[in-house]
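Common to both upcoming complexes is chain A, partnered first by chain B, then by chain C.
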Partner chain A sequence: MKPTKSFSTLPESFNRIGAVWFAVAGLYALASIHSPAMFQYGQVLNLLQVAAFLGIIAIGQTFVLLVGGIDLSQAGVVTLVNILSTSIMVGKAENIVEAVILCLFVSLFVGFINGLLITIFRVTPLITTLSMNSLVYGSALVYTGGMPHGKIAPAFEFLGQGHFLGIPVTGIVWLTLAISIGYASLHTIYGRWIYAVGANPQAARLMGIPVNSVLISAYMMSSLFACLGALVLTSYIGLPSLGIGDQFLLTSIAAVVVGGTALTGGVGSVFGTIGGTLFITILSSYTRLINQPIGIQFMLQGLIIALSVLMYRLVQKNRLG
Partner chain B sequence: MIEKTNKTAIAVKGISKSFPGVQALKNVSFECKKGEIHALIGENGAGKSTLMKIIEGVFPADEGSIFMDGKPVFFRQPSDSLAHGITMVYQDSNLIEDLDVAQNIWLGREPGGRFIFNRKKMNHQAQQLVEKLGEKIDARSLVSELSVSEKQIVEIARALSFDSQILILDEPTSTLGASESQRLFDILDHLRRQGTSIIFISHRLPEVLSIADRITVLKDGEIVGTVSSSSTNSDEIVTMMVGRTLDTAFPPRAQSFGEKILEVKNLQSSSSFHNVNFSVRSGEILGIGGIQGNGQQEIVRSLFGLCSSEGTVTIDGAEADLSSPSKAIQSGVIYVAADRRKEGLFLPHSIRKNISVPHLSKWSHLGFVNRKAEKKSVLEQINALKIRTPSDEKSVGMLSGGNQQKVVFARWYLAKTRVYIFDEPTQGVDVATKLEIYRLIREMAAEGIAVIVLSSDVMELNGLCDRILVVAHGTVVDEVAGADATEERVIGSAVTAESDKTQLSETQVRQTNTLSKTSIFLKRYAPSLLLLALLLVIGGFTANKSPYFLTSRNFASLAILIAPLALAAFGQMLVITLGGIDLSMGPTISMTTAIASFTIIGESVFSIVTGVLICLAAGIVVGLLNGILIRVFKISDLVSTLATYSIIYGLALVIRPTPGGLINFDFLDFVEFRWGVVPVVFIITVLLYVGLEFLLLRGTIGTKLYATGSNEYVAFNLGIRVGWVRVGAYIFSGLTASLAGLVVAARIGSGDVQSGLPFTITSITAVVVGGASIFGGRSTAVGTFLGVTLVIFIQNSLNFLHVSAYWQYIWAGGLTLFAVAIYSLQTETPIKWQQQLKQINFLSSGKAQKS
Partner chain C sequence: MEKKIKVMFRKSIMSSSLVIVSMFALLAFGNAYAKGIRTAAITGAGKEVSVPAKKGPFRIGFSNGFSGNSWRAMALDALRNAAKNNPDVSELIVVDGQGDVTKQVGDIENLMAQNVDAIMVIPNSGTAVAPVLRKAMRAGIVTVPFNLPVEGGQYHAFIGTDPSKKGYATGKRLAVELPDNAKILAFDGIPGNSYTAAGWKGAQQAFKESGKNIEILAFEPCNWQEDKAKVIMADMIAAHPKIDGVWSDGGQCAAGAMKALIAANRPLIPVTGDDYNGILKLYDKYHAQHSNFSISLISEPTWQSVVAMEIAVSLLKGESMKAQQIIQPKLITSENYKELMRPELPDGVFTDTNLSDEALRKLF
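Take a look at the complex of A and B:
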């Protein structure tokens, strides 16, 4: 492992802006050279549209990783919200509000229970959210009896399929959410508490920070954004689809980790996750474009998770001296 | 005195050791003769433990060497010194909580064969050792169930079991009552007659004078002198211990004090202190001193809600609620912890964030922090406290110890409250910063605040405080005005105080708590019995509803379903016993079916045996990959197996994008071969589990597994190759995954990438439902097998009851959560938490690499 030295010679901006943006630019340049189709305006818009689903979901995952946890139940929440929203809307505009409110409520409840089990019952985050994922996914299956029905209301389509000034609405929603939440996480008391609890829960407790509440809220944020992402995704595809959330089980963690958020907590940002999302999305759309089997995508994703952890550790070591 | 030869057993010559900012030992030479009890005494921080750790091999000396029987020796790790006949007994327990007394005593050298040990002999010998110490502990009781003093006895018994030539005891009597101490002294005396050399560290002068042959006094990392105990007295020794040169100038004391602010009445806690009364006035600095570990830390921490206690505490005349840190802060108490890295600082964060974190609401509007106002206040503090840094955005992890402590002070200097408690305020801080900290503390007091300073440095207490309380054995034994305080007085009160534990331990009625066979059985198998009952209930209910349930045909089909999950759970259990997790279990099973659908087919170029071997090799490679990521690259178990989950799943998809391939019929017949109605695969699986349970109970490998899972740090120090144990468990997990994959492939007759995925969660469910602790160290093969059976049984029953198969996801998730929540609520997490901290420190220090 020789890079330790070369990292210290990297420009300061490497740390300040975040390594992920260099990675995104590099990957995009490479992909575009190899396959010029990547570089077309239409492809860029398409990237923005599909990145939004993962991007919104990963905002929530960022909060959980920032407090030193992990949320594997986002996949189940996405599937459940997709099933619930379509089956309640059944194509009628007057049902939209009811569907959205119910989905938000159910998701927040899932996050709350996750947080409660982790803080009060002291079950590890991994076991809690892995079991919760099974529970939530199972609920979706039982609810539909394996045969999902319903569809979204046409009035709901704009969110996922519409364009505003030629730009896909999903992308606008994602970036607006990500940037405002990213800003808030750095500038509000709550955001600062999230970082403090993640960096050192015991010290945070000694500062009088309500550690358990902060932890519970982080898991609720995770479910909330899984729900929002799922609503946008559902609006995009228009139909219920069992297991639609499974693709996010690992990718949401990959996006956050690639974006520079440490799994040990307290380090990282929602802004980094925007980069991580773009990286994962460019990678998968590139592998699809050059007709590589889907299996290659999974393999790359696994490698990238391991490599990111190793690389950011070196950057961090360099920064801490 | 008695039969003393003049041969030197161990000698250290010219040992020096420095840590960043401190010279811990300076040219220390010291020897212990054969058949001698040599006491080593000195103030807190005199360098005793550093010296002992060098002898033990925890870290090397900068200069100097160790000689045994005149020959130089080098110890790279604790197991090296152990091999040379040196045994350490530490003050804090170094036992494996999840193992029983006998296993702890003989860990790594179990009597009997190399692989299978003789349990009877082991129990018997352990029992003898413990009874020699006059203790009535059953050798089969779990260490986690023992009291602190019983643990100390077990630790001593273990040390005795080594028959070492050199025995080092670090304050062995601090947790013992008078009668227990006396018994220990009798034994030490006996060992001395046999020629054992004993190095005895203690702060209790009366007992040191009565038991030791010679006494060596250490001060400021240097040897003051060695005296024969028959020709000295406690006054002379106290004089040798004190008299350090004053290297700091303290700010002048307060002339007068204001109103009484803090008043503590009858404060007590069941385990660490009792009958504590004191008060602090406005403008006063109250010092709390004594030998470390006598309850003083617990006393001040209880004033901040960090230790439970009873009694009344009033602040400004009103009773204060100090039950949690946030309530204590509201009541006007601030506690500045001794260990700033663990309890004070957010190391990766900037100086600004560290200083401002408790005061954010000061600069906030509608929850948004005004960055400018925050920065202004922080910069003021940085300037006022002269924190040397180019920017307030620098992360505190990069600062020196002194500057880090200034950041902590700046944090609390920013907004003042009524009572400040400083726990070891100058630990690991350079002299210049020390002076500034003393000045700051005095300034704060002068502003009308009540200040408590807890310090193990007597000079610091004498110079800084207006009044000093000396704590010994959990209560205040002396009170001295700061101006009159001398080192002799403070140290003297602390070391000569007699313990009143005598009465406590004498009045306790000692029960002969021999455990019955049933209770030992129940301890291990209670979860299993519960599962068995549950199985019977479910079985009975289903049989009642459906006549087909109790047919041999159904049992045969159950057996063929149990086999693959049981194989997967087998590996998962080993990993979970080590406190890890294998998420890649499912994909590995999938990948095996995919590979099998190419290598074990009718017209394959491979023979069936070769085909099977290729599948198994693939599983081993996955396990090895996990092991390397975790052990070599030090990526956590969770992330490593999450990454391999994705990699292996992708690989399986590349090999077999859609279900297909036709598994060789001969292989199908082989896997599905039945003996009577029972599938042979099932019988083999059961035999594997029986073998595993036997190894866990009687095999050295089983003890190693539990020991590593329960406390990797202690296991490593006892010479267990913890790295290999962990990598081995993951390799085994990969192997059992591929075995399970082969059975699945035979059942579905083709390769299917989706077929294995559910196994990740179901295998975890089976293991935790079977009673394994997810923190590691506790599991049984019987429980896991019953857990597997339960999972399959519920599925099967629900089929018979015509409940949708989709419910399986719900009950699998719910059951896991329920089981884990119940088990983790039962365990005392505070202890586990500390162990984990210990382990984290151990792992991050990179010492494990040596194994």
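Take a look at the complex of A and C:
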């Protein structure tokens, strides 16, 4: 039997994880030289606070990309969770638990159905999750009739707006989740299964790994983290908004891919996604501060993402000899 | 007793003078469409239009570009209510373009195939629907685009606000509130939309005329969403020790920006926007503690859908009117904001509406 790809690619993935941090440092240095405001302590804290939304959502997307899939329904889940949580809380602290539990349940259910369609009914992940995105977003529209109402409870504000020892709580939540999940994915059996399934599902099946369950669980993780990210974002803004999830449709994938996770599966890590998230957040903040028309900003963003991925692919090739 | 009579007398004088003023206003506006006037004047402009009178009641189609926000939902609800209560309207057929330019053209073709008497449209693209509206016009259907403009003028009547005039008015007022050498942040809606572009042009014109040196730190799209505006403003706050004002055409952008200032413990500043309840409530809550906080808002009335239907019906009955019916909403500032604020209703309500609080509560 051929050795599975997952084991042979582990050193390579470490290599890629390293590369994203060079890209983050390079971009940050460039941005700080061009716009010194980027270097201020206040801006560092601000970046940490707003990066957390994308960061938490992208943890889930990492799992899906690692198993060789893609999740385009995260955007819909973010919107639905924002709408549901605010409409259930209606500003009252006693409703927080109910709102959070319901959102978690709905999100896990969405992930479960995604996984089921992909594994049992063999629908491609792209089509499954894109349709699911429409379905979930559509249900948010139907639920609200286009007019979302409600707001968060003041007690819930701490999660998205609070500070602990001067550091934004959102950043603390994000980094704690990302580091612990990142560590667990590299050091637990479940984590190894994820990599093995992504690298070669047939080989993984022959090794006795419950491939379908692993795939379904990856989509559930993706929805779960979309839900957690949405709750933090909802706490940050306090209100329902039907367009709130749209921004994550592709940025969550960009953050993971820039972080060194391969779209083909089996290669990458949550640690890389932390770097990828910082990269995307610094980039959008930087292009915003240099006061250029939005068209130029989009062009710059596209160019810098493409260049950075290209550059560290080249670095990695040289290193591997 | 004497005092009471005096008050009554004063009131009756006031109300009769109001009637006289309104009559003069109607005379002054000449050909303006008058029936639908709610909280704003509507002035007529452009060529005179009329069609051969038809016998009612009429079947009216409405092609809505999309329906995913509270403004559209309120406009639609007001329209449905009005259609139900209008004896001249036998049926209202609503089709939804789901934000898709091509789908909307197909929607309008479908309405034509159903032989409606009039078609009302909020276009997704003012250029894309122009040919199909011209086709409908030639087929003898009364065409009334509203809210967002249609290129080329090949329709019977348009009703809406003039975004460049609105932008000019809010910009002019903002310039008064700003110190000299002011630094401001401006918000776009959805990137590249022509509505905000026109408003922003008007505002910049007003800044120039004010004679003050006003520096624009950025013109950033926030998609008329509070969360995006808050994130953008947080970036700006970190980068700029001094921000003196915010220009936007949406109250959500203004509210999001103010929330970022509150989060950063910075004083609130002059802002512009529209009749979004969230910004009215925010102003009400914070203006006492923030002496520099001011609002210059101009509404985009949701009742224009009802006026559009009334215009369609009048044209079908053979009445003539000017092809451009421009709504001129008044400026909302600290002096009159309470008239529009709905403290008991959610932030998402656009308050320049003919819907009652009860109807709104049912909707939201």
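Criterion: the second predicted complex is superposed on the first by the 276 of 321 C-alpha atoms of A that agree within 3 Å, B and C clash if a C-alpha of one lies under 4 Å from a C-alpha of the other, contacts with A are read in each partner's own complex, and residues count from 1 in each chain.
Basically, a residue touches a chain if its C-beta (ideal position, glycine included) is under 8 Å from a C-beta of that chain, and two chains touch if they have at least 3 such contacts.
Just so we're clear, the structure is a prediction, and the values are computed from it rather than from any experiment.
By the touch criterion defined above, A:Ile70 reaches chain B but does not reach chain C. Contact with chain C, but none with chain B, is seen for A:Gly243 once the two complexes are overlaid on the shared chain.
Once the two complexes are laid over each other on the shared chain, residue contacts for A:Gln43 go to chain C alone; chain B is not touched. Judged by the touch definition given at the top, the superposed model places A:Gly26 against neither chain B nor chain C.
Of the two partner chains, neither chain B nor chain C is touched by A:Pro154.
Legend: residue contacts after superposition of the two complexes on their common chain; A:Ile294 is shown touching both chain B and chain C. Within the superposed three-chain model, A:Leu263 lies in touch with chain B and out of touch with chain C [touch as defined at top].
When the two complexes are overlaid, the chain among chain B and chain C that reaches more residues of chain A is B.
Once the two complexes are overlaid on the shared chain, A:Ser35 sits against chain C while remaining clear of chain B.
When the shared chain is aligned, chain B comes close enough to touch A:Leu130, but chain C does not. Residue overlap on chain A between the chain B contacts of one complex and the chain C contacts of the other covers 141, 145-146, 293-295, 298. Here chain A touches chain B in the complex through residues 70, 117, 121-124, 126-128, 130-139, 141-142, 145-146, 184, 187-190, 192, 195-196, 199-200, 202-210, 250, 253-254, 257, 262-263, 266-267, 293-303, 305-306, 309-310, 316, 319-321, going by the rule given at the top. Contacts from chain C toward chain A in the complex involve residues 67-70, 72-74, 76, 188, 191-192, 216-221, 223, 225-228, 230-232, 234-240, 252, 256, 259, 263, 278, 346-348, 363-364. On the side of chain A, the complex with chain C involves touching residues 35, 37-38, 40, 42-43, 45-46, 49-50, 141, 145-151, 161, 233, 236-244, 246-247, 285, 288-289, 291, 293-295, 298. Chain B meets chain A in the complex at residues 304, 306, 325-326, 329-330, 335, 337, 342-349, 353, 357-358, 360-361, 364, 367-369, 371, 395, 397-398, 581, 629, 633, 635-636, 638-640, 642-655, 657, 761, 764-765, 768, 774, 804, 806-814, 816-817, 820-821, 824-825, 829.
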